[in-house]
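Following are the structures in question.
Look for chain A in each of the two complexes below; its partner is chain B in the first and chain C in the second.
Then we have the complex of A and B:
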């Protein structure tokens, strides 16, 4: 049952991605609507899959690589749907759905078996800490998606190549606004994730902070986004500069999430 | 019943001719009533815009109808038909339908895709409806034309792109700022194109306008005209940071804004984007300005390129629109043809029935020893013969009606059996259609 839900989600995300890419190539109202229907359906199946796994496992299903990537993918789609509804920018899906699909497809490579929960993770903090962290990551992912489109659009505008693709992508201001909103959503979430992690560490390991690689890199990520937000609010780091920084921030975040777990050993290296 | 179109447009007549035969929108009652009072003209609509004057009517006799409408147009405007005739075109049948669908879809306009024409036809039809000069056929016809125009608008991009430099500037600004309602435009210098662009920006809802000129009085005059704010030329760099969109067209022999000037301006704006449009020749704004972060510089040539690309796209979209029109013609023509079918069948039946009854009466009157159920049996017999005879032509003409090709059969039946089709049958059909 769980496996069926999982592979259905992958399949529906794949279809949604194809629809969104086709929409980017040749926009039409019906295609856009269907693409959104597909990604919404995929998202619902994905939620059902996650809940089903939660019930089966008896704990928050974010305890190994497979589950984490899957949850990350789901959060990305969730944040995307939230912003898509607000800004009515269908074309954002053409950039976000491939990410969601890839994350989920990669998660299938990792062992999917349910294992008894590591005693260190048996805590009510598991739910808060991981869910908040992943929604934070997802916000940064969507911010980076908007930033990538911004860079394309700004480049076309500077070079005065105002043909088809330029017409289809949203205005610079809208993209900058989405980027900013995502950051203002992602940053508090990341902050809460770090604080909740510290509190949990204190109860589990007896210390708030132990410079575990995950902790160190989370802090680096936090500083990058803090600097970016500060720059935006005070000295007008907007547009291109902000776009580049939020893409850099996204890669650092990705390293915090994946690199640390796969390459370094520490308290967080669940595999 | 045939739909006939008689008219002239920018393609066949100069403005001098067009204005002589234009109808005043405030005085439509008389001409519309005069039009439908003509012999064999049952319904009529008059469309009169600055680029075309067209009359749509329904008539039995195509050639006669066209001649009568042409005569009407000349007489009404007191011009000689000989002088007017070379400018007129006339269409009937499928061509008339195609013509009106194309006009409504703005495929026959001077600027293909311009949106006004549909509204103008709707207004013209409104008069015809108000003064009751249009009926079942033209009502249906024009509503169909409106829906075709709507389909063309939604399914093609014929009207979606800017085809003037001023409008292209507004569209580009939207691609940068998205919302223009909190943006300020600054005009540097004066000039026709500059003012036209400023007008377009104001029509598209920018918040404010600033005007500067080397001669402050001229700046004030222009500012008054646009309800903007005049700025002294010496204060340009003090005020520039307040402007989001800058239109420049001074007669200066050298550039007046360089990339270096913008460092301070951008700092004061907190790096909010600026959109410069340089209309002057020689240029007012150093091309290097385009390299400043969050600043976008366009010249008239750049905008002209956008416009040419859009015009080309429109031509492509127009081809798609023509296809839509062609599809819809078939459908409407089928309906129009089917209008003829039912009354013809009814007339044919009543003609047969008339003969049957007359002959039956004659026979019965002289028949002395008729058995008790004889009359009933004779009725049944003659009825059966009549129905058997009528069946093949009836089903054939109905089938032809579905294919939209009924003229031949309808005309043949009418001639062969001397059918007369009055208004009554058509009215009945009209009720059925409702």
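Then we have the complex of A and C:
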């Protein structure tokens, strides 16, 4: 049952991705609507899959690479749908659905077996800490997506190639706005994730902060986004500069999520 | 002299007030923090010398790379950030405070032109009645309005969440509170470790540098146990602890189970389940031995590290033992011992005997049937011990930070004015955040106004 739900999600995300890419190549209202229907359906199946796994495992299913990548993919789609609804920008999906599909496909490579929780993870903070962290990650991912489109648009504008794709992508202002809104969602979530992690660490390891690689990298990510938000207060950091920095921030965040788990040893290395 | 001095102080002040400094410091902290995640922190010198050359070791040591998060230069960055935070807040807070405490009650032409949202409409009929109507409208939509008469015009002003403009400063304050909490912890607290053998008590714990710290009470470990999942992975590490004052158990602190994620706190000192092991000394193993194919069983007590000579001349020794074999062999459970049996004139053979699975020994064959009855070896529990009087300051800072962030990111200071003069009225509005959302709200206000 769980596996069926999982592979159905991958399949629907794949179809949604194809629909969104076709929409980017040749926009039409009906294609856009169907693409949206597909990604929404995929999202719902993904939620059902996650809930089903929660019930089967008896704990929050974000405890290994398979589950984490799957949840990351789901949060990216969730955050995308949230902003898509607000800004009515279908074409953002052409950039987000490939990411969501890819994350889920990669998650399928990792062992899917349910494993009982080790004693350190048996805590009520597991749910809050991981869910908040992943929605924070997802906001930063969508911010980076908008930033990437911003850079493409800016490049087209500079070269005065104002036909075709330029017309289909959102305006620079809208992209900058989406980027900013994602940051103002991601930063609070990252802050709450770090604080809840500190509270958990205090009860499990006897110290709220031990400069463990995961803690340190999450703080590094926090510093970078804090710098970006402050940079935006001074007028010079809108647009291109902000776009580049939020893409850098995204890669740092990816390292916090994946690099630390896979490359560094520490209290957080659940491979 | 005095002007240049003032010039210096002023430029120093400007330097600390600048947002550029904040950005440089934040990025500087981000970049330098990476070092400590690449270079292992707090190892002993020989461990470093195994992986890096001596020259590199000396260089790293002089730069405090082995304990970089407590190095003078990292601390300096943190202190600079704090000063920067305070200076920025002192510089900008008065202006924001004025905006919150003394709102702009009238909408003059200059302000009107600066507003993104305005709507002009006619006011016909009895002007006093119309004013009351508009006042009532704003009260119902936004909150209690303030009416000001100025230069023959009537200004009705209403605002929502003015104090959310202080959110940024609440976040800044929270960071300082967290720093203060961390400093209190580092000056008045400690992190230590202690091993307690089952059935014994200790009143001294040891810091990482093996410095003993005497407690004014004692902690006794009544029992330690590990339980396992069917897969053999550990499920729970549990110590049963009792706090003793002058050798007597303290009421309410008797036989308290302490597991990972659920520590015991007494007099501000907290004990966390961290590790365990076999106490080793004094352990005794119990066996019943008999010849295969009948004969009386002979009881044997064997101490750790000793070999016993059996009636047939063979030597029996316990190599290792466990209270629960499941962690090594998930298909079995219960106590088990790995023994070495050396029959006369033969090479030593080693095998495992299980308390709960005598059938395995049955299958082994050989001269002697060894029934393992278990061991009365003792375990010790390893507890992390921490005293941190600053932790509640840190938590208050965190709570403050969450409140400040909600104010700063999710709330908007919305202001709406209506100016009435000479049969015409203008409604204007502005928001401190999210102009797109406010535009929609303003449009809906206009729609409702039209129907009034």
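In the analysis below, the second predicted complex is superposed on the first by the 268 of 271 C-alpha atoms of A that agree within 3 Å, B and C clash if a C-alpha of one lies under 4 Å from a C-alpha of the other, contacts with A are read in each partner's own complex, and residues count from 1 in each chain.
Everything below uses one rule, namely that a residue touches a chain if its C-beta (ideal position, glycine included) is under 8 Å from a C-beta of that chain, and two chains touch if they have at least 3 such contacts.
A quick note: this is a predicted structure, and the numbers were derived from the prediction, not measured.
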item	value
Joint occupancy of chain A by chain B and chain C, clash or fit	fit
Partner chain in contact with A:173 - chain B first, chain C second, else both or neither	first
Partner chain in contact with A:163 - chain B first, chain C second, else both or neither	first
First (chain B), second (chain C), both or neither touched by A:155	neither
First (chain B), second (chain C), both or neither touched by A:240	first
Chain B versus chain C as contact partner of A:188, first or second or both or neither	second
C-alpha centroid angle, chain C to chain B via chain A, nearest 10°	150
Touch count on chain A, higher of chain B and chain C	C
After superposition on chain A, the shortest CA separation from chain B to chain C (Å)	6
Set of chain A residues, in rising order, touched by both chain B and chain C	177
In the complex, chain A residues that touch chain B	153, 157-158, 160, 162-163, 166, 170-174, 177, 235-241
Residues of chain A touching chain C in the complex	115-116, 118-120, 122-123, 177, 184-185, 187-188, 191-192, 195, 198-200, 202-209, 211, 213, 216-217, 219-220, 223-224, 226-227, 230-231, 233-234, 252, 260, 264
In the complex with chain A, residue positions of chain C that touch it	19-20, 22-23, 26-27, 29-30, 33-34, 36-37, 41, 69, 182, 191, 229, 231, 233-237, 259-263, 270, 272-274, 384-386, 388, 391, 394-395, 398, 401-402, 405-406, 409-410, 436
Contact footprint of chain A on chain B as seen in their complex	172, 174-179, 267, 269-273, 290-291, 293-294, 296, 298, 302, 305-306, 309
